[in-house]
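Quick one: structure below, then a few questions.
The letters A, B and C name the chains in turn, as written, and every chain counts its residues from 1.
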Amino acid sequence: MSSAVRTRAATRPIRRHLDRGDRWIRLAFVAPQVIGVLALGVVPFVAVIWYSLNEWTPLTGSFDFVGIDNYTRLFGDQRFFNSLRSSFLFGVGIVVLNLVLALCLALLLNNRLRGISTFRAFFFSPVVVSIIAWSIVWNFLLAPEGGVNGTLAMFGIDGTGWLTDPATALGSVVVIQVFKGVGMNMVLFLAALQGVPGEIKEAARLDGAGPVRLFFAVTLPMISPTVLLAGILTTIGSLEVFAPIQLLTKGGPADTTLVLPYFLYQTAFQQQEFGYASAIGVVLFIIILGLTMAQWMSRKKWVNDEN
Amino acid sequence: MMRTEYPEPDTETVDTVRVVLPNSAAATRDSVASRRRSRINTWVLYAILVIVSIPFIYPTVWMIFSAFKPTSEIFSQPPTLLPTSWTLDGFAKIFTTQPFLQQYGNSLYIAVIVTAGSLVVSGLAGYAFARMRFPFRNALFVILLASMMVPSEVTIIPIFTAVNAMGLTDTHWPLILMPLLGPSSVVSVFIFRQYFLSLPGELEEAARLDGLGRVGIFTRIAFPLARPAIAAVTILTFLRSFNMYFEPLIFLTTPAKFTVALGITRYQDAYGEPLWTTQLGAASLTVIPILIVFLLAQKQFIEGIAGTGLKG
Amino acid sequence: MPQRPRRVSLLTILAITATSLVGCSTPGAAEDGDVDLTMAIWSANEDHLALFDAIADDYLADHDEVDSITFETITNQDYIAGLTTRMAGGNVPDLAWIPEANAPEFIESGVLADLTDTFTDTEGYDVEDLLPSATALWEKGGDLYAYPFSNSPFALYVNRDILEAAGQPDVGALVGTDDYTWDTIADIAAAVTASTGDTGLVIPSFSPTTWDNLTPLWASWGASPWTEDAASCTFTDPEMTDFLSWFQAQTARGAVSAVTTAAQNPVFATGDVAFSVAQLSASGALDDTFGWDFLPLPAGPKGEQGVIGQAGIGVVAKSAHVDAATDFLAYFTNAANSEKLATYFPPSRESLLNVSTLSAAAPKLSEEQIQSAIIDVVPDAIVKSSSPVYSKVTSLVSSALDPVWSGGDVGDATAAVCAVAQPVLGR
């Protein structure tokens, strides 16, 4: 592995004499990306903060400054708390299930077996299937008369309307989403596992460590930087999920799958309250920022070899 | 580069243990037992792999076969994978209910432009952030990273308003510009930056001595060397752009301008008579080409993803 | 090398900075001279579009001031979201189809233009011919704000083959007798499910997010979601709770198909469903692979109650061409064109509400079926409950009512519905 090379290059001071050229050329390298992100991310976000201080009904065109009214209304809105709860459960469900399953699959695949690459392709294949097609299929499979219940019936189990039962809807969407996306983290973890030097494991084994100990004491710490990054990206991704909710449950039943992005969409585009929806957007950003910061701060506690 | 080459999978067989055992008789005994055990282990492993595979591949396989079923069989009990009678009824309507081919073309050309553009834009930015010193470098990088935390759902309202004001609703402009330059493209910058950080400085110095300028070093030396990063960005950006749903849902109104991901959600008759098999057929046609490319190039796909520089 | 993207992004940032802080923008001002009209519709049916285009072409031939007329399908599963999203940004269609439940919302917020003067002044339009029961919803202060172009009763589709195979009586013979009730239908449906495994009763347009598509059933319980003035929630009234309990019991015993998400409902046209509640137009999807019947809605505890699905066409007040659009609408919906439209959309003109016009619309139906399930029903039929705050209240009701569909306590759920809906309704 070239991580050593990379580390050396990263810490080497940037060579001044290479930078003698026109600084404008150097800025031009980043200009398209930076301007794009400013125009399509930063400026719109500032606008969202401004909108959130207004009551704005686009249908009639009324746009009135109301101060923090949208926020006080938000914190008195039961649906907002339903939505927070759904987003929280959804995020936790996805991140935990995805990371654990990805690790298990990576460990399974990290065996020298004939045909192992076929299984690797199987587990990864939903990643290249569009989430739209994936959701459409699961909508049929999870219908009251669908394939899942039909299969359960063969074992004498009475299935439910998975997507319409408040007890199962959120879990169903989480599982659908995890099967869809777990291949990505699995591949990252597999690459990281294969980067763990054999000698270190060997030494641990000689010290009498069993496979479980070996995993928790040696392997996991060695791949922890990958787990951290995958964790952060999966967390952000899980809080932005929209398509499967729109196609499968539309936020129901009983708001159990009303994740914040869907609540925002409903408020803005179905109920025509752009100002109120903007306040939801600001809160969603703060939550994502907070969670990401928390994970990043926590890295010193459990992530190995941070540099 | 070396980073794409994997060390052999680390095998956890007991063979290695045997070597260090002092007593050769014990070693032989142990090895017979362990070989039997490892054969059992192998079959157990295969069994686990097969069972775990089901939820990953069954939905896709079911989707493809169900496109050939009569509508009444979609919910037949007990459930069937293969159609009892094969029919192409569903397929005919794919092209008449929606301008499917045109939608396919839309998705394809948007994804190609976005992917090619992303390679240039985020390649340049990734290189600069890794290898150059310029004003506000760290501040700009932090802004880029922070923007990744703004979901597109949050900023859709102002962007929607601006796009409207520019008269660009129901055009492909926002669908090209947003994934190409917006916050969702920052991942690509990150991937390129991680890669370029690993580039030996000597290469640049040598190129500089050969008389290459900044742009020359990037286009002639650094970028061509960045094949793993290029592969990863190409795959991720293409999939993200081709499967885009939220933005087309907001910006597009004319079926002829739809992307295929949006189009396949609209296979319903005017009166809500669902065209299930047609929808499944259209979804299959969307998925199959990408699946074929993936299966043919699965090594490159998976190593491309692994080459995102996100590993330790 | 990155020249082009850079220029584009500079433009973008300038444009976004310039516009996004303003809030809302005014729609593009009218260019004088050329008038291009757009009508937002939800039908994507090619036959419908061909008919609309034909009518528009006739109009264009006589009207030089109008350059083109475009029918734009908004295929968003949520039509209202798609339509209002467009209008929100100033991309305003000149005319738009409006679903019944949103009628007061569009009229009271001033989105629609007043049609009265143009209609009365248009020669031969014959405003008197419009059925008062049909136009009531689209009026405010005696003025008409949209034309109810589709006035289509709900009916009960029956798969006779399934009933016969299950040894059940011919339901058609029960019509007009005291036995023709929802309870009878439910009993037969339950018996069918038990004996043949086919689906009993389906309400295809109903899903938890489109909860008010159960109106054709609960109307005969005398139930409604809110009072007629849309000011008070009536979910907790005994009519509604009785109906919901009945519905739950029927779902539980398999008489009514299990509640599903929108795309999962069993389809009558596949021949695996005994009963379906749908409109006239659903007959278009049926052929003679199985024997079927088209009957008026059965009676509930409060007797028979016809229910109509309505849709109106309005002129958007913010349009740059209100006058031209209104003039075209007066042409599009005059008696002659209404008769053409009747092929797909049962008209709200008294002169056209007869067997011969409607037979042309639904050739697969017999004269008796048209008479008993449509013509006799229309005059006293009611429409879905509407509200000036429909967009806001519908998702609140939907989320609070959801527990009912999975067997939750009806009393608790309806109390919860009124708790969240009343503050919005009463505003």
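Just so we're on the same page, contacts are C-beta pairs under 8 Å (C-beta built on N, C-alpha and C of every residue); 3 or more make two chains touch, one makes a residue touch a chain.
Computed from a predicted structure; not experimentally measured.
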Any idea whether B-C or A-B has more C-beta pairs in contact?
A-B
Quick check for the class: compute each chain's Cα centroid; which one is farthest from the centroid of chain A?
C
Rounded Å distance, chain B centre to chain C centre (Cα mean):
40
Chain A and chain B: spacing of chain centres that average the CA atoms, whole Å:
14
Of all residues in chain C, which are in touch with two or more distinct other chains?
2, 5, 9, 12, 16, 20, 23-24, 85, 88-89, 263, 266
Residues of chain A that contact two or more other chains, please.
32, 35-36, 38-40, 43-44, 47, 51, 136, 140, 143, 145-146, 269, 274
Which positions in chain B are in touch with at least two other chains?
75, 77, 121, 124, 158-159, 162, 177, 180-181, 215, 249-250, 265, 276
Chain A contact footprint on chain B (complex, rising order)
1-3, 6-12, 16-17, 20, 42, 45-46, 48-49, 52-53, 55-57, 59-60, 62-63, 66, 74-75, 77-79, 121-122, 124-125, 127-129, 131-135, 140, 143-144, 146-159, 162, 177-178, 180-183, 185-187, 189, 194, 197-201, 204-205, 208, 213-215, 218, 239, 242-243, 245-246, 249-250, 261-262, 264-265, 276, 279-280, 283-284, 286-287, 290-291, 294-295, 298-299, 301-302, 305-308, 310-312
Touching chain A in the complex, chain C uses residues 2, 5-6, 9-10, 12-13, 16-17, 20-21, 23-24, 78, 80-81, 84-85, 87-89, 109-111, 199, 208-209, 257-264, 266, 318, 391-392, 395-396, 398-400, 402-403, 405-406, 408, 420
Chain A contacts chain C in the complex at 28, 31-32, 35-36, 38-40, 43-44, 47, 50-51, 54, 56-61, 63, 78-79, 82, 136, 139-140, 143-146, 160-161, 163-167, 248-255, 258, 266, 269-274
Chain C-touching residues of chain B, taken from the complex the two chains share
70-72, 75, 77, 96-97, 117, 120-121, 124, 158-167, 169-170, 177, 180-181, 215, 219, 249-250, 253-255, 265-266, 268-274, 276
Seen from chain C, its contact residues with chain B in the complex are 1-2, 5, 8-9, 12, 15-16, 19-20, 23-25, 28, 42-46, 48, 72-77, 82, 85-86, 88-91, 197, 204-205, 263, 265-267, 269-272, 278-279, 281-282, 284-285
